[in-house]
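Chain naming follows the written order as A, B, C and D, and within any one chain the residues start at number 1.
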Amino acid sequence: MRNDDWKKVSRLVSKKSLWMVHFCTGCGAMEMPPVMTSRYDMERFGIAPMATPRQADVLLITGYLSIKTLKRVVQVYEQMRDPKYVIGFGSCTINGGMYWDSYNTIKDLSKYIPVDLYIAGCMPRPEAIMDAFLKLMEMIEKGEAIGWKKYHKYYDQYKRNQRMAFSYRLDEVQDIKEDDAK
Amino acid sequence: MILEAFGVMLLAVIVVLALDRYPRIAAAVAIIASLLPLFALTSWAGIMGISLPSFLAPLEFESSLVYNLGPGTLNLAITPLGWFFLLLLATSFPLALLFASSFVRNRAGGFYAGMLLTMLGSFGVLLARDALTFFLFWEIMSWSILAMVLRGGDRRAIVSYLSFGSLSAMLLLFGFMMLYFKTGTFLFGDMHLDTSLTTLVALSMIVAGLAVKGALMPLHVWAPHVYSRSEEPFVAFLSGGLSKLGYFGMLLFMYGIAGLSLLSSWGTFRDVSYFGYALAVIGAFTAFAGTVLAVMQDDLRKLLAYSSVGQLGYIAIGIGIGTPLALTGALFQALNHTFFKAVLFLAAGAVYYRTGKWKISELGGLGYRMPFTFLAALFAIFALAAIPITSGFAAKWLLYEAAIEKKFLFVTPIMLIAGVGAFLYAYKILYGVFLGEPRYDVKEAPISQLVAMWLLVLPLVIFLIFPGWVADLAAPILSEYGMQPIPHTPYVITTNLAAYNTLAVIFALMGALLVSLILYKWKPQEVVPHEDNYLAGEPPELYEYISMHAASNYYEPFEDVFGPVFRRGAERAWEIILAAAEFLGNGARRLYTGLTQDYSIYILLFFLILVGWWLLW
Amino acid sequence: MVDLIALGEQILLLAGMVTLGFAIGMFFNGFARKVTARIHNRIGPPIYQGYIDVFKLFAKKTNISHGWIFDLAALFSVAGITLAFLFLPVAGFTLLSTEGDIFLILYLLAIPALGFALGAGASGNPNAAVGIMRALILMLAYELPLVMVVVAMMIHYNTTSLATLVQMQSGMHWAIFVPVFFIGAIIVDMALQGMLMEKPFDIAIAPHEIASGPMVEFGGKHLGALMLYKMMAIVVETTLFVDLFLGGGVVLSVSQYGWIAYVVNFLVWFALITLVFFLALLINAVFPRFRIEQALKFYWKYDALAALLILIWVFAGVSI
Amino acid sequence: MVSVPPVLLIALPLLFAFFAPLVNMWSRKAVKVYTLLVLILNATLSYLLFANVMQNGVVYEQLSGFYPPIGILLAVGPIGAILALLINTLSTIVYLTYFGEAENSVKFSMLYMLVTASSTGIVITGDLFNMFVFFEITAVGSYGLVASMRTKESFEGAFKYIVLGSIGSAFILLGIATIYGYLKTLNFYDIALRIDTMPPTARLMSFIFLIIGIGVEAEIFPLNGWVPDAYQGASNRVASFFSLGPSKAGIYAIARLIFTLLPILSGWQLALLLGVFTLIIGELAALMQEDPKRMLAYSSIGQMGLILIALSLHSETALIAAIFLMVGHALAKSLLFLGVRDYARGTLRNPLIAAPMFIGILSIIGMPPFPGFWGKWYLMKDLASQGAWLIMLVIILTAIVESVYYARFLHRGTGGEKRKLSRSETAAIIILASLLILVGIFPNYLYDPAVRAAASLLGGGP
């Protein structure tokens, strides 16, 4: 069996076993229980909630992220093992949503960690979530869910953006910008 | 030859005392001196047909040594039982000294002198063939232990040791004297005991006196205090070696002198004498309670001490059951305990040597810093918990089989559950000291300490593969008691109930490990630092404010359940007795009022009483 | 030479049985999730989900380790549970069970547990330590009724070898048909619930409290190895129950029926362990979780008290 | 072997004691040396006497030309020889410690010689009144020795000692008077021969008088009220000297009383009872003591009880035990009293103090291979062969109590900063400890004399 074939098989099987760690940051977490329980039952597709990022394949960001929470999210994301995928829930992760003008939340999640898939809506319905998972499976099978590769490749950029977000003093931000200029 | 060996040891005691300022030279002298008696004994054993390479064959032991002391005669002879225990003591003792050579820095001369004296006393006990010799050397050993305890300087340790040691001595003395009253002799060989009540009382007293040293509950009170407040090399020898002497004595008196038929003459229950049955029940209780108490300790030394108490209980169970299977199991357990407990105490010493901490909750993460110490301790813990990849399992297995064979319905579950309890405290040591958050950046223990520990691990490996060799060693002892040795080959031990094949276990384990290793090595891995740990995403910079070591109050739910029942039971009883004695003492003290007129009146009253007594008479 | 061939055959048989055991274990994983899902009125994952999960875990691209002690967990847990499996009589095959006995198995079961605990402790995660603490106390809790009943049985049958015990139960003289050991079976089934760490005794893992306890730091191949261990442990523990009370699933004598007996016995054994596991799943699906001291008190008060009755019964029976 | 007249043992120190002030006038510093020389001379003489007695049997000497029973007779039997040797040798060793002291009192040296001489006199005399005289000298000398510290406590102790000692002397005198009134003789052996002619009432009465009188000196409960205060008040040297000299002489006198003079059954029973009570009370009272010297004093009382039990058993084994106990106690207690000067944390840090004191304590609580062990072993053996379980039980329980307070005592000396004693004191306790070891390891050197002493005592001889 060639290496490519092996990878294909591996992806084919892996997509049927997505273990997720859902980071209950915002209101989106509210939508998870219906997805897990008997009405929608995502375990049909081999998707199961996990307790720690070490065990998980998918990170769900279920809503807005404050700066402080982002720190934790980055930590969790880095503790997950490759291949790993991120799904952003709702408009908050896309453009800040209703917190678009808050000083304390991030606006675009993909600046800080690579997001494979966004679910639009405020809030997205369980059907949308199910759809997102199916879409993610499709992407995995095709080899399109490459967020984790992007993170490795553009690691410095992601780190810079994270540092910018974490700095609460203007002069620090200035320093980072000056570093970039060099 | 053996007297010369004793002489050399005494000489060495004086020499090491003089070498107080040169600890390393003193250690060397002590180690050499401690090896000499072993050679002397082996040569003596050689005269009697034992030589080291063939020590596994069944042997004849005859000639003895008589030394007239005036008020009494010392009779020394080497017996199979003595030989077995001598091997244990004489191998663990020099290694404890080797460990001490880098461990003990202050007042080293006194340390080695005390150690040599304990060794001298214990040799004498093992060779004794009459009650006087036994008692004399027993007490020499006993007070040299006291001398070592004094070095620790802990009040509870000193008081509890000396009072319990004294209790033990007096019980022994009483017992010997009662036997003398019955038989008119102190010679073990001439003691022909009858089935009278006096003999029963005497034997019970002797066994109780020996049980003090064997740390059987409720006479174990001294052990945790002494074990936890003395220097580790000494404690390793005390717990590993000297505590066995109590069980040596029990075997000697119960089976060597009294004999099974005499014990059975006081009544039997399912072919086990009531005497033995009681001992087995006490042993089972000790095993269980010792284990429960060990689980609750935070001080590493106290934990190991209670663990010793618990493990020694198993030996008592074996001696109590008294079948060939049980006695072999008891001897095997004695052998194992000698080595694994010595290793554990030494490992605790090595940890202390590097970190200066005894509390389990204050240690942590030393497994990566001191890997060889950790591995030695891990192996000893496997033996302690009777995991079948060490010799520890074979001993416990023999005891379980013996108990089932004799249908000990209530003792066996207690033994088994105590065995499970051992996992609890074993893991507490492993986690609290060696695993978890690395808190100390220390080096590996010095080479002398490592060598000592690993040489002590060696027998655990050897007798894992060849448990039959212990049965070989036990065979002459059993035949002396008129019992058949248990059926065995070097690898397989067979009982009426089942068989245990070590080779099958070892090969199957190796195969399984190989498979899992292949499975495991399939994918590459990277090693991450300890800080990269999942704590709900808390970033590492917060770690300096919180401890990630969950070792304090580790078994709190367990303590909530068992604590009220077990904590300080025997100790409380001892304190009450002491308080009663102090009450009486106060009464006696008040008689001496310090007033001259009172004293004069005492004399007058005494005179009047005497006169009155005489008048009435 | 003949010996070597026999030995080779023996080793092949052992290897085959072990592989089969792991296969059944993985099947049980999917089976358990399916059953639970059905009770929850869900559809649940496909029944082969266990195989997929293990495959995925071993296919993870990067794995982390906290050092060589951490790695011992994966090694010892798989090796240890395999060892325990080998010393059980399985479906009429004695495997190595004539070389050891029930006590050996009880202690062999501790090898993977201690190995696992070692690795979990080495990760340095407090959740893991708490989980191990709970697991060990739970072990102490369920072992008491278990060993009480086992000792009563061993004394009653006057053997400690499981192989002999299975032999003595052949011809449908199963221990469970003895009234007193029927109660014993219920008691041991309760203990089995704890052994399998199913609810209400999944205290050690408790994903919502302590982030799956001991397994918190394990991912990728390490977790894959641990899953293999967990799955095989289900097989071993249910087989232990079947060997003790249900005659090891042996219904046909090999000497009489030849190879058909092997097949039938195997199927019966498989049906029985599935049944035993199914019972555990039923309880698991509907119960909440105990606290650890509640579990301890449950086992030591009610279960052990019932076991004491059995001991007393055997005690009276033996002394007469 | 040179034959030494026993009288020299008494006469020489008495004589030299009176010359001490003269030496003092010549040179103050020479007094110590002079006293030491006298004591060494006496010790040598006592050794020669001991050897002589061991070789040729009992040595008799009549004084002042009159034949016994009218004249004063000195009769040195094995037990007397052993005790004389013990007292003289040990008092020499204990006196050594005086060299470490800046104080230089001629009175102390004189009294020391005096009490040594009179204690020796008690053990070698064969005359009842002579013994009384020596008792008086001992007592008077002892009062002085106790008071020689010149502190409040020492005066208090000395005063109590004086009062009780005088009462005791009065009782002795009454006893002697009773006996003399009936038998018109004071010679021990003469009395022993004719004691049966006395009416039982008078016999018992005299026994009661004598045992009360001697009991005061021999520290028997309830006559020993002076002991704790006197020992506590006295300097360590004096306390140490008391436990080897006067107390041993007192217990010897009791032995003489119950073996030779009035060997009556009720006497032995009474002595046994007294011994048991003394043992119990002494050990229990010692349990609660904080002051080391006071504790040792009570411990001494207990030991006296033990010795008295051994004496009153009236058998050879028990007598051997008694002799071992006496020797062991004299050695160990004098050692301990010397060692406990400034006893506090750190004393046992010094190996040169710790080792001897440890050995001393071991001997007292009866650990082998020290004399105390042989004594206890033999005592128990004898009790066992008589089946006296109750007394054995008492001894065992008190031994445990004993070990508890010695354990506490030992603990008080551990830890802290290293402490020192003066060089001469250290030397003395080391010598005493080595004597303990020697007697313990080679018990046959004491065993043979002890066997003879026992035989001689049981036979009614000296």
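Convention: contacts are C-beta pairs under 8 Å (C-beta built on N, C-alpha and C of every residue); 3 or more make two chains touch, one makes a residue touch a chain.
Quantities reported herein were computed from a predicted structural model and do not represent experimental measurements.
Q: From subunit D, which chain is the farthest off, judged by mean CA positions?
A: Comparing chain centres, A lies farthest from subunit D.
Q: Taking each chain's centre as the average of its Cα atoms, which is closest to the average over all protein Cα atoms shown?
A: So the chain nearest the centre of the shown protein is B.
Q: Just give me the whole-number Å value for how far the CA centre of subunit A lies from that of subunit C.
A: 38
Q: Just curious, how far off is subunit D from subunit C if you go by their C-alpha centres, in Å?
A: The separation of the two C-alpha centroids amounts to 77 Å.
Q: Subunit B to subunit D: how many Å between their CA centres?
A: Spacing between the chain centres: roughly 43 Å.
Q: Give the residues of subunit D that touch two or more other chains, as numbers and ranges in rising order.
A: As it turns out, subunit D has no residue touching two or more other chains.
Q: Which residues of subunit A are in contact with two or more other chains?
A: In subunit A, the residues touching two or more other chains are 52-54.
Q: Using the touch definition from the top, which residues of subunit B touch two or more other chains?
A: Only 532, 534, 536 qualify.
Q: Chain pairs that touch, all of them, please.
A: Touching chain pairs, listed by label, are A-B, A-C, B-C, B-D.
Q: Okay, in this complex, where on subunit D does subunit B touch?
A: On the subunit D side, the touching residues are 159-160, 163-164, 167-168, 171, 204-205, 208, 212, 216, 222-223, 225-226, 228-229, 266, 270, 280-281, 284-289, 320, 324, 348, 351, 354-355, 358, 362, 365-369, 373-374, 376-378, 380-381, 383-385, 387, 392-393, 396, 399-404, 406-408, 410-411, 414-415, 442-448.
Q: Once bound in the complex, which stretches of subunit C touch subunit B?
A: 11, 14, 18, 58, 60, 62-67, 69, 71, 74-76, 78-80, 82-83, 86-87, 96, 98-101, 103-104, 106-108, 110-111, 113-114, 117-118, 121-127, 129-130, 132-134, 136-137, 139-140, 143-144, 147-148, 151-152, 154-155, 158-161, 164, 211, 216-217, 220-221, 225, 228, 291-293, 296-297, 300, 311, 314-315, 318-319
Q: Of all residues in subunit B, which touch subunit D in the complex?
A: 17, 20, 68-72, 107, 109-110, 132, 135-137, 139-140, 142-143, 147, 150-151, 153-155, 158-159, 161-163, 165-167, 169-171, 173-174, 177-178, 180-181, 578, 581-582, 584-589, 591-592, 594, 596, 598-600, 602-603, 605-607, 610-611, 614, 617
Q: Give every residue of subunit B touching subunit C within the complex, in rising order.
A: 270, 365, 367-368, 374, 378, 382, 385-389, 393, 396-397, 400-401, 404, 407, 409-410, 412-413, 416-417, 419-421, 423-424, 426-427, 430-431, 434-438, 492, 496-501, 504-505, 508-509, 511-513, 515-517, 519-520, 522-528, 530, 532-536, 548-551, 554-555, 557-558, 560-561
Q: Any idea which subunit A residues touch subunit C in the complex?
A: Counting only subunit A, the residues touching subunit C are 10, 13-14, 16-17, 37-38, 41, 43-46, 48-55, 57, 80-83.
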